[in-house]
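The chains carry the letters A, B, C, D and E, assigned in the order they are written, with residues numbered from 1 in each.
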Amino acid sequence: MTELRIDNPSAAETEDLAEHQRMVRRAKWLKIYHGSLLPLLSGIAGLLLWELAVWGFALPQYLLPAPMQVFETMIDRWPVLMSHLWYTVVASSVGFVIALVLGIVVGAAIATSRSIDRVLYPWLVIAHAIPKVVVAPLLLVWIGFGLKSGIIFVVVFTFFPIVVSTVTGLKSAEPDLLQLVKSMRANRWQTMWKIRIPTALPHVFSGIKIAATGAPVGAVIGEFVASNRGLGYALIQAVGSLDTPYAFASVIIISVFGVTIWYLAELVEKLSIPWHASQR
Amino acid sequence: MTELRIDNPSAAETEDLAEHQRMVRRAKWLKIYHGSLLPLLSGIAGLLLWELAVWGFALPQYLLPAPMQVFETMIDRWPVLMSHLWYTVVASSVGFVIALVLGIVVGAAIATSRSIDRVLYPWLVIAHAIPKVVVAPLLLVWIGFGLKSGIIFVVVFTFFPIVVSTVTGLKSAEPDLLQLVKSMRANRWQTMWKIRIPTALPHVFSGIKIAATGAPVGAVIGEFVASNRGLGYALIQAVGSLDTPYAFASVIIISVFGVTIWYLAELVEKLSIPWHASQR
Amino acid sequence: MLDTASFVDVKSVEKTYFTPSGVVHALGPISFSFDRGQTVGIVGPSGCGKSTMLKVLAGLEDRTRGEITVQSRNVNGPLDDVGVVFQKDLLLDWRTVLENVLLPAELRGRVDEKIRTRARNLLEELGVSGFENNQPWELSGGMRQRVSIARALLLKPSMLFLDEPFSALDALTRDKMNVIVQRLQMHEEVTTFFITHSIAEAVFLSDRVIVMSDRPGRIIDDIEVGIPKPRTLSVREEPEFIDITRRIRIHFEKAGVL
Amino acid sequence: MLDTASFVDVKSVEKTYFTPSGVVHALGPISFSFDRGQTVGIVGPSGCGKSTMLKVLAGLEDRTRGEITVQSRNVNGPLDDVGVVFQKDLLLDWRTVLENVLLPAELRGRVDEKIRTRARNLLEELGVSGFENNQPWELSGGMRQRVSIARALLLKPSMLFLDEPFSALDALTRDKMNVIVQRLQMHEEVTTFFITHSIAEAVFLSDRVIVMSDRPGRIIDDIEVGIPKPRTLSVREEPEFIDITRRIRIHFEKAGVL
Amino acid sequence: DEIKVALDWAWRPYHAPFIVALAKGYYEEAGLDVEFEEGRGSNTTAQLVGQGNYDIGHLNITNAAHAISKGIPLRIVGVYQPRTAASFIGLEGKVELNEPQDLTRYRIGSTPGGSDQLSLRIFQLANDISETDLNIVSMDGSTKTTALMAGQVDVVSGDSYAYNALVRGAGYQPESFLLAEHGVPLLGFGFAVNPGSEERLGDSITTFLEVTKRAFQEVAADPEAACTLARAERELPGEHSQCVDYMTGLLALSTDAGADDWGHVSEGQVTALLQVLEDVGEMDGGWEASAYYTDKYFP
C-alpha cells in the first residue's frame, strides 16, 4: 500500500515497514472475514434457524414454508423471477436516482433559504406522512400504469430521507470555515461546493442508505397497486393464490436486492468520504 | 434575553444593547413570521389550489373531492374520526418510542463492534427491504388484530432510519477528542456518553425526524392490515365504498398529525443540541 | 496620514458580542489609519479583542458601531484581494495539503500548472514539502499552521491579515518566517496587519506597532519603528530595537501584576 | 538516574506513522529517563516529533518499538493520574466552559461543590473568570487554551504533560502562567513533561531541557538547569540562564540555515 | 358456548344479518356467546380459522376449498350463496356486455392472485377464450373502481353486488356480466370451521347456523330496516341507499333465506367446485370431496 515514501528508510524502519505490512495484511484478512464471512455465516445461521423453526414448531407450509421448499420454487421459476426482478430493478434504480438528485436540490434550497424551508417543508412532511395507498388510485389515474408509476412510487418513498439528511448536513458547516471562504470572497455557490457539501456528505450518506434500501419497497408497492410485471406483481399473485413458497421466493429475491444496494451504498460512501472520522 | 452581564456597560454600550434588543425583537418577529405565518399561508395556498383544481378540471368527487366537501365530512364525523385518531396516536407513539430506544441501543452496538455490525446489519437491511404486506398475514396469525400489531408495524417502519443515523453519528467522533478522554482514562461507557453521543446527536435527529414522520404511516398501514380501529381502518372503510371525502378527511388528519410530530421533533432538536452549528 | 486619505481608515470602531450568557464588549472605540504598504503589528493581552479587530477590519465580522474605509470606500463586506491567516489553522479535512493551499485559486477559477508550482514552492519554502498529498490530520501543529500561511500567500494578495501566524513554530522556524515575510513585503508592497504575542517579532516586522489595552481593547500606544528595512535578525540587539521592546513591555507590566 | 530505577524510563522508543500517502518516521530511537518531581522541557524544530513523543509517553499512541516504564511498570495504555494539555485546545462544544473544566472530575464521578469551587478558582487564577457559563466558541484563542490548562490541572495530577500550553498567550500572561506552573511544581511535586517553542520558557521552568533534532526526532542535547528554584522572572538576566539559552540556540542554528 | 367467528373482511353491508342477530340478542337467546372479528380477505380468514385463532369463518367457499387443498385444516359446514358473484362490470352506455366474446373488445382491470384471477381463468376455459384474447390490466382492488370511472379501464372484474353498488353510488348505471351465468360453477359465501372447534362446539354449530338463518330471513324481509340498524350499530362504509343496494344484490345471488335448503352444502356442489379448480390447475387431482365438507350441522 505504501509505495510513496516521505522519509528514507533506515534498517530498523525497513523492519517496521515489514511488520506494518504484516499487520496491514492481517487487517485485510480480518476485514474480508468481517465483510463477507460473518454476514454469510449469519445468513446461514438464519436459514438454519428458519428451517428448524419450521420443523420444530411443525409449521404448515401455508404459514411459513421451509427454506428448502422456497429454494426449489426459486429454481423452478428462476426465469420468471428474474424477468420480474429486472423490472423492479429498473423502477427502483431510476426512481432512486431521481429522488437522489431531486432530494439534494430541494434539500439545498431548504437549507439555504428560511422562507423556502417554511413554505416547502410542511408539504414534504405531509407527502411523507400520507399513506400512499390512498393516493395511489389518484396517481394512477393521472400518470397511468406501468414503469412510470412504479418509478414515481419509488421517488415518493425515497425522497424524504435524502431531503432531511441533506438539510441537516448542509446546515452543519463550521462557522469558522464559512468565515474562511468568505475571506476568499467565495460566492454562495462556491461556499456550497467547497464547504457545505463536503460537511454534509456524511449526513447525506445516512439518508442515502436509508433511501436506497427503501427503494425496492417503493417499487414493490407500486407494482402491488397496478402493474403487470415486477416482483410486487409476483408477490400479489403468490399471496392471492396462497402459494407461499413462491411468495417467499420473491421476498428473498427482493431482500437480496435490498442488501446488495446497501453494500453498494456503503462502498460508495467509503470511496466518497475517506477523510471523515467515520471512515478513517 | 441578556440578563447576565460579563462587562460593565458603558453609555455607548447601553445604546448598543438597546439597538441589539431591537434587532433581537425584529428577529423574533421574523421568526414567528417564518415559523407560523409562512406555513399557514402556504397551507392556505395549497387548499386554494386544490379547490381550484377540482373546479377547473371539473374533477368528480370520487377522484378528488373539493376541500369544502372534505371539511364538511370532517365536521360531520368528527367524533368518530377523533376516536380513530386517538388509536392511531397511541400506536404511533408507543411504537416510535420503542423503535427509538431499540434503534439507539442496536445502533450503539453496531457502532461499537465490527462483528455485531457484520452479523446484524444485513438482517436489519432485509427487515427494512421486505415489503411488509407479505408478512402481514403471518403477523395476523401470530399476533392477531389490535393495538399490538399496529405498534409492531410502527416499530418495523421507524426502526431503520434511527439505527442508520445512530451508527453514522457514533462513528463520527473526532479522533482527537477520543484521545482527550482516553488521557482521562474514560472507559467505553463514558466515552460513549461524553463524546460519542453528543457528536452523534445531530445525526440521530435526522433519523428521528425521518422516523417520527414515518410513524403514522406505519400505524396506518398496520391498521390497514390488522385492526378494527384507527385512521387506517377508517381509510379502508372509506376506500372500500369510494367514500373519498371521508378518505381524504382521514388523510388530512393523518397529515396534520404527521406535521405536528415533525415540529415537535424539530423543537426537541433545537432544545437538545443548541451548541451545534446547525442550530446556532 | 497627511491630508491625503489614508489607505485604511478606522473611525471609532466598536464591537460588542451579545451571547445568551452575557454581553461582551470586545473592542472599545478604536480609531487609527495606515498607509498602503505599511506593516502594522498588534500586540495586547490575550482576550483583548485583537482577533475581533482583525475580522472586523477584513470585513468578516459586523461591527457594532464606527466606520472603516479602505481607499475611501466603506467596508461592508469581505475585502477583495486579501489573504487571511486565522488564529486556528482551518484546514479542510476533505482536501490534501496541496489542495488546501490551492483553495483560493480554485475559488477564482485560476488553477493551472503555474499556480500549482507556486503552491509547491511556497510549501517548500515554508518547510512542508514532501507532505503535499497528505491529509491535514497527518501533519504536526506547526506544519498545519505553515500550510495555512501558504494558502494565504498563494494569490499574492495586496493585503495580508495575519492572526498569530507563527504561534506554533519553534524559535528558528519563526525567525525564518519573519525573514520570508519581510522579503515579501519589500518585493511586493503588501499592506500587512498582523497580530502577535512576541513583542520582538512585532517590532522586527512592523513599520508601526499598536499596543492594545485589556478588554474592551483600546489603543494605548502607537509606535513608529524607524529602523530601516530590510532588517537582519541582528537588528534585535540594536539599542533602538531594545528601546521599543522595553516601551511595549512597560505598557504590559503597567496593566498586569507580575 | 543512579542505580535506583528512575520514575520514567524510555528505552529506544521509536514511532513511525504509516499513511496511505507515505511512511513517516516521526520519532527516532530515543532513550532517557527522569525522576519523580522533575520538570523536563522539550524543545525542537516544528514537526520533529515532540507531540508524538508526548502522546507515546502518556500511553495515548502506540509506539512502533522500544520500551517505556513508569515506576518500573511497563506502559501499555493511558497512564493514570496525569493531566494532559494537548496542542489543540480540544474543548467540547456541547459543554460550557465550566463543564469543560469539570470533565475529568466527572469521569471519576467526583463532581461536588469542592471541585466546582476549585474549577472556578483555577479559571479565576488563569484569568478566564466571568466566562464560566459561556460556550467555548465564544472565547478567544488564548482563553480557550487557558481553559484547557485549567482542565488538566483540575484533579491535581501527579504528572503533567503539556504540549505548547502557552503558545496562544501574550508575553505577560505567559509569564504569569510560568510563575503559576512553577508554584504548582514546588508545592505539589508534580512531575512535568512539557513542550515549548520558547527557549527562555523551557529554561525558566525546567530542571532539565531536552533538545531534539529534526525529524525523525532524536535527542541532541540534554541540559541540566542548575539554577535553584523557586526562580523569579529576573533569573532570565543571570549569566547561567543566558548561557543555557545560548547553548540551545546554537543547536538550532547548526541545524537550520539562517 | 363461546364461539369466535372471523368475518371475511371489515364490516360491510352484507354482514348486516350478523349485526342484527347480535343487536337483537338472537345468539344469546339460543345460548350462544358469539363474538365476531373482522378479517382482511377470505384467504387470511381461512388461515386464521385454520390456525385455531377462531372457530368459524364466514368466507368465500371457493377460497375455503382452495385453502383446504393447500393443507389448511378447515371443514366447510354451510353455503348460502351457491352462485358466485364474480362478474365483469362496466358503465352502462360505454360498454355492452352480452356475450363472452364482447369482453375481448375491452380493457379489463383485474386483481392478480385471488378470486378475481381464478374466476377469470375458469371463465376463459369454459368459453374457449384464450389468454391473449383478453386485454387485462392488473391492479389493486381499491384502484379498480376509480380506474373504471376515470376511464382508465372499460371493465373491471369483481363481485357484482359490491361494484354495482359502488358504480350506482357514484352516479352511474352499471353494466354487469355475471360469470355464474357463463359456465363458472364457483361458490360464494358460506361457513367453514376449524376441526378442533368442531369437536368442541358440536351441535352448537347447528344452532349458530339456525340463528344466522333467522337473521338472514329478517334482513331479506326488510333490508331497509336492517341497514338502518346495522349502520347504527357498526361503522359501515357508504350511504344508507348503497347499503340496501349492496344487501339486496347479494341476497339475489343467495339461497332464499326462507327456503329449507338455506345453508346446505351438497356433495355435488363441492365436487363440481373441486373439479373446476383441478381443471384450471389450482389444485392437484386425487382429492376426496368428503374431506372438504360436512352437512351434518345443516339445520
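Note that a residue touches a chain if its C-beta (ideal position, glycine included) is under 8 Å from a C-beta of that chain, and two chains touch if they have at least 3 such contacts.
No experiment lies behind these values; they were computed from the predicted model shown.
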Ask   = By label order, what chains touch subunit B and subunit D together?
value = A, C
Query = Which two chains meet at the most C-beta pairs?
reply = A-B
Centroid spacing, where centroids are CA-atom means, of subunit A and subunit C in whole angstrom = 48
Task = With chain centres taken as the means of their Cα atoms, state the distance from subunit A to subunit B in Å.
result = 20
Ask   = So how far apart, in whole Å, are subunit C and subunit D when each is placed at the average of its C-alpha atoms?
value = 27
Ask   = What are the residue numbers in subunit C that touch two or more other chains?
value = 19, 21-22, 24, 88, 130, 133-135
Ask   = In subunit E, which residues are in touch with two or more of the other chains?
value = 43, 47, 51, 142, 145-146, 150
Message = Where in subunit A do residues touch at least two different other chains?
response = 4, 6, 63, 133, 138, 141, 175, 224, 239, 276
Ask   = Can you list every touching chain pair?
value = A-B, A-C, A-D, A-E, B-C, B-D, B-E, C-D
Query = Which residues of subunit A touch subunit C in the complex?
reply = 4, 6, 176-177, 179-186, 190, 194-195, 198, 273, 275-276
Request  = Show which residues of subunit C lie in contact with subunit D when the two form their complex.
outcome  = 17, 19, 21-22, 24, 43-47, 50-52, 87-88, 96, 127-128, 130, 133-135, 138-143, 146, 164, 167-176, 179, 197-199, 233, 249, 252-253, 255-256, 258
Complex contacts: residues of subunit E adjacent to subunit A = 43, 47, 50-51, 66-67, 70-72, 111-114, 116-118, 136-140, 142-143, 145-147, 150, 152, 282
Contacting residues of subunit B [partner subunit E, same complex] = 60-63, 80, 136-137, 140-141, 144-145, 225-226, 228, 233-234, 236-243, 246
Ask   = In their shared complex, at which residues does subunit E touch subunit B?
value = 10-12, 37-38, 40, 43-44, 47-48, 51, 53, 142, 145-146, 149-150, 166, 169-170, 235-238, 242
